[in-house]
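Both complexes below contain chain A, partnered by chain B and then by chain C.
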Partner chain A sequence: MADEALFEFLHMEVVSYLFKTADEEKCIPILENMGYRVGHSLAERFTRDSSRFKDELDIMKFICKDFWTSVYKKQVDNLRTNHQGVYVLQDNRCRVLTQISASKQYLEAAPNYLAFPCGLIRGALANLGISCIVTAEVQNMPACKFQIMIQRSQ
Partner chain B sequence: MADEALFEFLHMEVVSYLFKTADEEKCIPILENMGYRVGHSLAERFTRDSSRFKDELDIMKFICKDFWTSVYKKQVDNLRTNHQGVYVLQDNRCRVLTQISASKQYLEAAPNYLAFPCGLIRGALANLGISCIVTAEVQNMPACKFQIMIQRSQ
Partner chain C sequence: MTGQRSFKMAVCVAVISKENYPLYIQTIPTEDELKFHYTVHTSLDVVEEKINNVGKTTNDLRELYLGLLYPTEDYKVYGYVTNTKIKFVVVVESSNTALRDNEIRTMFRKLHNAYTDMVCNPFYTPGDRITSRVFEKVVNGMMLQDS
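Up next is the complex of A and B:
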């Protein structure tokens, strides 16, 4: 039985429904917001029993390993940071992209499927006390880079 | 890590989004249809390697056991049939209902959360060659009865 398929199929249906019914420019923010709320709730549940994180990098490692595995059944492949509040998470086989197809033909549809995962990351980090902006960039399907820019309070 | 929470949180978000934005009378059919499409795809995947089912009852048992467990992490508690094309699946702790709350106060919101599971069952059965109508009835939260009426081709 393929349990993870359930979430993936539902996500595909939601993307497909929204782009059929809502104004196109509203779809991405709606999906990002759904992802935010789901990510926020998930982080709440996942970290209920875990000890406090040491620092920001420690939280990022949690997102790359436990959180990503729980959602997409694999870890993020690479984590980099400029040590000035920017983190880049690279997933070489991003599941939402492998689902739609690993060809350039579908490159323009990719942002529709990456809004939810961007929101997931932003929501999970918000729950862990980190305010940020998350964007995604696809160069070679199905590889994807998520860029996290920390928003420091002034 | 609570993997099943992912699907559940997303389902809650979708219900909540739809009832905020779509016409109320359209929400239930939209959710039922999403469920149908997800159920159809899931059944396709789950039964890819399994041997053919013996008969209709055998398929219903698959829905009650493997399929339900995969989606809701528990089996259906009771399966009954009148042997004339009506099956009743009783789930004493229906997960979509335990999520919203196990009190009468939320009874009127229950149909909003049961449309997707009704569609799931109908979609899975359609994939397995059974055309039917599925309805849900709540008497005591969070127990729920799903009634399946087989549509025989004339």
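Up next is the complex of A and C:
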């Protein structure tokens, strides 16, 4: 379906435009901030009809299921936690990476495409009351791991 | 006007941020506006209490709508908290018997929808005071209704 591809194409263009025009070291933070704002708004919209979340894990499940489905048309494949504020979301076919050749060739370029999704998660969680740091890790191309480290205020 | 009092739905509508500062507060034209600010302010403790009890009591409150927060002599205060911890408070007159739980629910629903639409406006910075005209229109629609 065309509408599913739209986001991917737009995202690719945003990334390539930024890397052409802005300083290289500024690109990732800019993309991350864009994602943050989008995630913030999306969280507001997607949680409108859901019931109140019980705890942190409940919110994470929401991110893995409803949020992921709405944004990427699939669920997160695996969610793990050490129960001490670290969550790992594994997506075996990350939408933003599926158009890139699944070999080691473009592994270096992958972080550029994952900055926006990281910001997206961070923004959504921030709006739901969890401040955190989100990092992404790629080992085999379309698979990606997002690590969420919760920052406790106290 | 024939001197007959128009039928009012809400006398005060307020939107409170996550950090408990007011994002928006609108009252009916009155000299005693501060009284409503005070009423809304005191209701925040009740809101806090209600959301902190989620998961602890048996009658689990998983709904966003909190119901009647507290009645005063002249007014009834209702609350609603979104998943993003934005609080909506609506004050209605106690004498207003036409408003039942269902109507209040619908009111909050409308308010929430208007709020989400407003947040998704790219020119709005989250956490700022609400100045959106569309939002204001929705609120005004709740406050006045000629019978």
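Here is the rule we go by: the second predicted complex is superposed on the first by the 153 of 154 C-alpha atoms of A that agree within 3 Å, B and C clash if a C-alpha of one lies under 4 Å from a C-alpha of the other, contacts with A are read in each partner's own complex, and residues count from 1 in each chain.
We take it that contacts are C-beta pairs under 8 Å (C-beta built on N, C-alpha and C of every residue); 3 or more make two chains touch, one makes a residue touch a chain.
Note that the coordinates shown come from a computational prediction; the quantities given were computed from them, not determined experimentally.
In the overlay built on the shared chain, the residue A:Phe7 is in contact with chain B alone; chain C does not reach it. In the superposed pair of complexes, A:Arg45 makes contact with chain B and with chain C alike. Once the two complexes are overlaid on the shared chain, A:Asn78 sits clear of chain B and of chain C alike. Within the superposed three-chain model, A:Lys54 lies in touch with chain C and out of touch with chain B [touch as defined at top]. Of the two partner chains placed around the shared chain by superposition, chain B is the only one that A:Ser70 touches, whereas chain C remains out of contact. In the superposition on chain A, A:Thr135 contacts neither chain B nor chain C. Using the contact criterion defined above for the overlaid structures, shared-chain residue A:Tyr17 touches chain B, although it does not reach chain C. Touch criterion met: A:Ile30 reaches chain B, while chain C stays clear of it. When the two complexes are superposed, the chain touching more residues of chain A, out of chain B and chain C, is B. 41, 45 are the residues of chain A that lie in the contact sets of both chain B and chain C, per the superposition on chain A. Interface residues of chain B, counted against chain A in their complex, comprise 1-7, 9-11, 13-14, 17, 21-22, 30, 34, 37-38, 41-42, 45-46, 66, 69-71.
On chain C, the positions that touch chain A within their shared complex are 18, 51, 54-55, 61-64, 81-85, 112-113, 115-116, 119-120, 126. For chain A in complex with chain C, the touching residues are 40-41, 43-45, 47-48, 50-55, 127-129.
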